[in-house]
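We just call them A, B, C and D in the order they show up, numbering each chain from 1.
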């Protein structure tokens, strides 16, 4: 039997009905058509489905949608302000911190959560921040460089 | 490089904005109205006869729309070596026999994924398990089970390469080494698993959206397998979540979705699960390597003999190419006057081995570079010195095989030597290992038997000066869309933002063989450059007519300025010329076509890239655990078109190739892959990633567009060998079988200790 | 594919226990779900009823036990423990352990109680809690009971929890004076599960002799285990390198690891042999500073 | 997974052999076996229940004697299909008897257990541990049963 699920995603309130077995990633992708969030594994291992839930980075494939009832969620679609990209998005563009792009949403959400919690992370802390995310293309170092550039204040927050 | 205004600049990738905002739509994201979801039933047995398939219960499940088995196909066997029909040996949906755990036997389309999966459990397949064979050394024995009927000793294909007089040469050597190695398997682990949406309509036309490295191959192979005409099949490649060699053959997602869609005239989507991705798609070829190397006292290499037996798995796939390339690249990057290679690809009842980034060369480089270090030590010669003494140089001919024009190997050796010196005396149990390599820029071989040019492009200039670039090249993440757009902009003399690329859609783009063998930059780059040059030629005709200068003057375009080459201040705006040219052509848009097919370029490739890598490790001698501290690479790839792209290829290759050396493996038990998940398959993560440094080398490849050549796969070749050599330098033990795990290192350390006593 | 189930989201412990009592073995408990959901997705576990206790806020806390020790609610997330200012001095090892447990995402959602109830012999918290002499509180409608952490896991993925019972609290007693505790795990990928994990807690007596010691091993047997024979080698003695090596040897003999694709049985024993002295030394160094 | 071992028994080889062939001796040694019933003199059917942590598996199990070479060699093959389609389970047992002295028999056994399907792909680490254990229990049961019946 379907149950009611209330979510605020990227500032927009939603009220939908889902089967209890629906995973949060499925609610976002299949019910709300927010397909920027990806799924890459079946074992909570790859991090492609990372989103922010009440300010924390979590893997949306490992949470039942109903467990997020009432939560505030930010997905990759919520990072830009209007048409202005977030500092991390801009830094990813400049540093070539993505190739195939399939892990990119997860990487951006993990690093956004990291900087929300800790605006001045060390290199080691940046590495820890993305260690739950697999990138098969870049070798991570360009992602670390992009985050470092944001930490150094090279990118201004959009107003 | 300042003569270029686009090439060599640090630019944003053309697909960047959509990828960093989550708006790029992958095949994985596509939903069409009325779309159904498919799932594939696979064999749980490594080798069995199919006695009966009963699909009645599955068909009765509410929500199931169709169930197909091999009987619903034409029964054709497919393969990518189309020139040799006997090597096209894979049915995709098996009719009589399954040959590995994961071989597809049926497929279901239903209203949602859960229903389709539930239906799989309701399909009754009666198997008669047959004796199976898993190791190629077992499979070549007289009494081994036969994977395919009538194939003697299960030998799928053999390759022989030879030049010089190897036996005579060995007699003249002062020192000969014979060593054995074992190279492991590796999974591609694309972040987007194999997937496809196929829509077959009542008009008999099929559209395929799929995550692929070659939309043309899929179109052609799909035509072979369905009986449709090539032109009735349109294959579109949306943004693709990685390929690495796994996605240019027709796969079960594409084929089963097509067969189901043809049955229903409705779109069907199939996304392989991560577990299927690990167990039922292709993988890197494991190899047994037997090497014999002979040298003079001074380190001059006189002869090399390589014998290889590879685990083929159940079908041919692209594994036959890997068998050839590992043999060719076993001679790389050195000048062997005498060389012999014999390789055998052996069928086994395991998941199929095929192409993976490096394509046989990571294996040959690991074994070759390991053995070369052993030889250097035996002779008391510095590892870099022995490489310098024998390394390839520009304008070198590999006898009967290849002609190498540009080659920066020696500059790379110099740079790496400097780097090693700079590191100075290392802390205890640290070691730096060096590994040299080379790779091709696209294959010349045409076993696929395409009648088309290897690469082709069309450039069209619109009235407002915006340029549409149509190419069959496939961007799978490596960045070909950006590189080709840059080449197009440079050649045409416009800005990168003036280009809009339309790629890998067989309905509108000219055929291209796709993204494999590091071919896009050189081959498609040349095609794009020629197409752009043709457009430019048309524009300049109008410029000449309009400005009417002394006919001795040449025109060119740069930064949207059409001008006289010798008097660049005299010119007109590109936009004005475009408008006039179109008007002058009776309203026809300016169009140029270009293609590239290599001619008289040897057997392998029109050009080769080279490099040298140094890996530093720190070993814990009590546990055998080592850390990758730093990997520094001197790589030359001709003119650098897209520097950000090359950095990404280089660092990414280290994650993958370092993994091949350090931790990635696919252990099996009776043909069953034991680690089919990202939790159990060990991948290098950010905390495990070493520091990476890139040392730039300038070269120019006459055959490449603006002097460019490959910078993608070759980078996967050196790392395992560099790690092996580094571990040896650090603690004096040599591991000859991949991956070099801490457990193996510790075991070797203990044996060494025992010998001392 | 996950099979359909009925979902309950009790808000209080009482509600949860009542539901558990009602559905008995047909119900499974989910909290962070970082382990259970994987099994459900693989179709290997298909409960009729799922009791989702993630929302029971009364079970998420870190507080003092009034005697210098800590009480940690079973639903406290790994990340909360990692970041807690209470994880200092003798408890710092808990935070250190947490930073190496999987990824930040998993630690943000997964709970320490869920980790223990999964009963994975390679889990990180159990060896550390065993070394710290922690106890677990379990509740059912019938009442409460306590059990030392070392007695909680019975077999591979089997715990002492009875039908109708819920793990509610972990009590970590104040370490005695001059006690140091340390933990390390061996793995190939930094954030991976332990190939072998070793925790040691040492209390130093007069003249730096080993007054008391607890050594716990992870992934070295079917359950997290105490290496009591190795402890006996060191207890009451003045610790020397030779004695530590002997303790390592002893621990590697009393361990009962399996061979799998991460490591052979022999290699795991070898790791125990090396890591027990290493981590004991670290614990001793901390004890001296404590 | 292969488990091998041997033990000796003080009993005439004929007696050991007869016990081994008794209906159900081998089948009843399978850990978790319930209701094993003889279909004919070489085949038994029943239900086997196994549990690993949160996972419970019920298998419809058939065991048959495929090689019988009195009084020294026997091979039994068991196959089980998990109810609900989670996988199948195969067990192959070989027992060889050798008279090492008058009234003393060496019993050599090997037991190979394999699994296919979803069960098998669930964490290799867990399943391997479990399968090893099942194999061990089987051979322990066999040894105990024989010793208690025929005398050690």
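Everything that follows uses one rule, which is that a contact is a pair of C-beta atoms (placed from the backbone, for glycine too) under 8 Å apart; a residue touches a chain by one contact, two chains touch by 3 or more.
Here the structure is a predicted model, which is why all the values come from computation and not from measurement.
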Innermost chain, taking as reference the mean of every protein Cα atom displayed: B
By number of C-beta contact pairs, the top two chains: A-B
Where chain C and chain D are represented by their mean Cα positions, the distance between them in whole Å: 36
Centroid spacing, where centroids are CA-atom means, of chain A and chain B in whole angstrom: 30
Interchain centroid distance [CA atoms averaged], chain A/chain D, Å: 51
Between chain B and chain D, centroid-to-centroid distance (C-alpha), Å: 48
Per-residue multi-chain contacts in chain C, two or more chains: 2, 38, 42, 190-191, 261
Chain B: positions in contact with at least two other chains: 275, 674-675, 677, 679-680, 683, 685, 687
Contacts with two or more other chains, residues of chain D listed in rising order: 84, 121, 124-125
Which pairs of chains touch, using the document's own definition: A-B, A-C, B-C, B-D, C-D
Chain B contact footprint on chain A (complex, rising order): 29, 34-46, 48, 75-77, 79-80, 85, 89, 92-96, 98-105, 108, 126-128, 130-131, 133-144
Contact footprint of chain C on chain A as seen in their complex: 1, 3, 19-21, 23, 42-44, 47, 50, 53, 56-59, 62-64, 66-67, 69, 110, 113-114, 128-129, 131-133
Of all residues in chain C, those that touch chain D in their complex: 28, 36, 39, 42-46, 118-119, 122, 156-158, 222, 258-262
Chain A contact footprint on chain C (complex, rising order): 2-7, 9, 30, 32-34, 37-38, 40-42, 50, 52, 54-55, 79, 99, 102-106, 108-109, 190-191
Partner chain B, residues of chain C touching it in the complex: 1-2, 38, 186, 188-192, 261, 263-264, 267, 270-271, 274-275
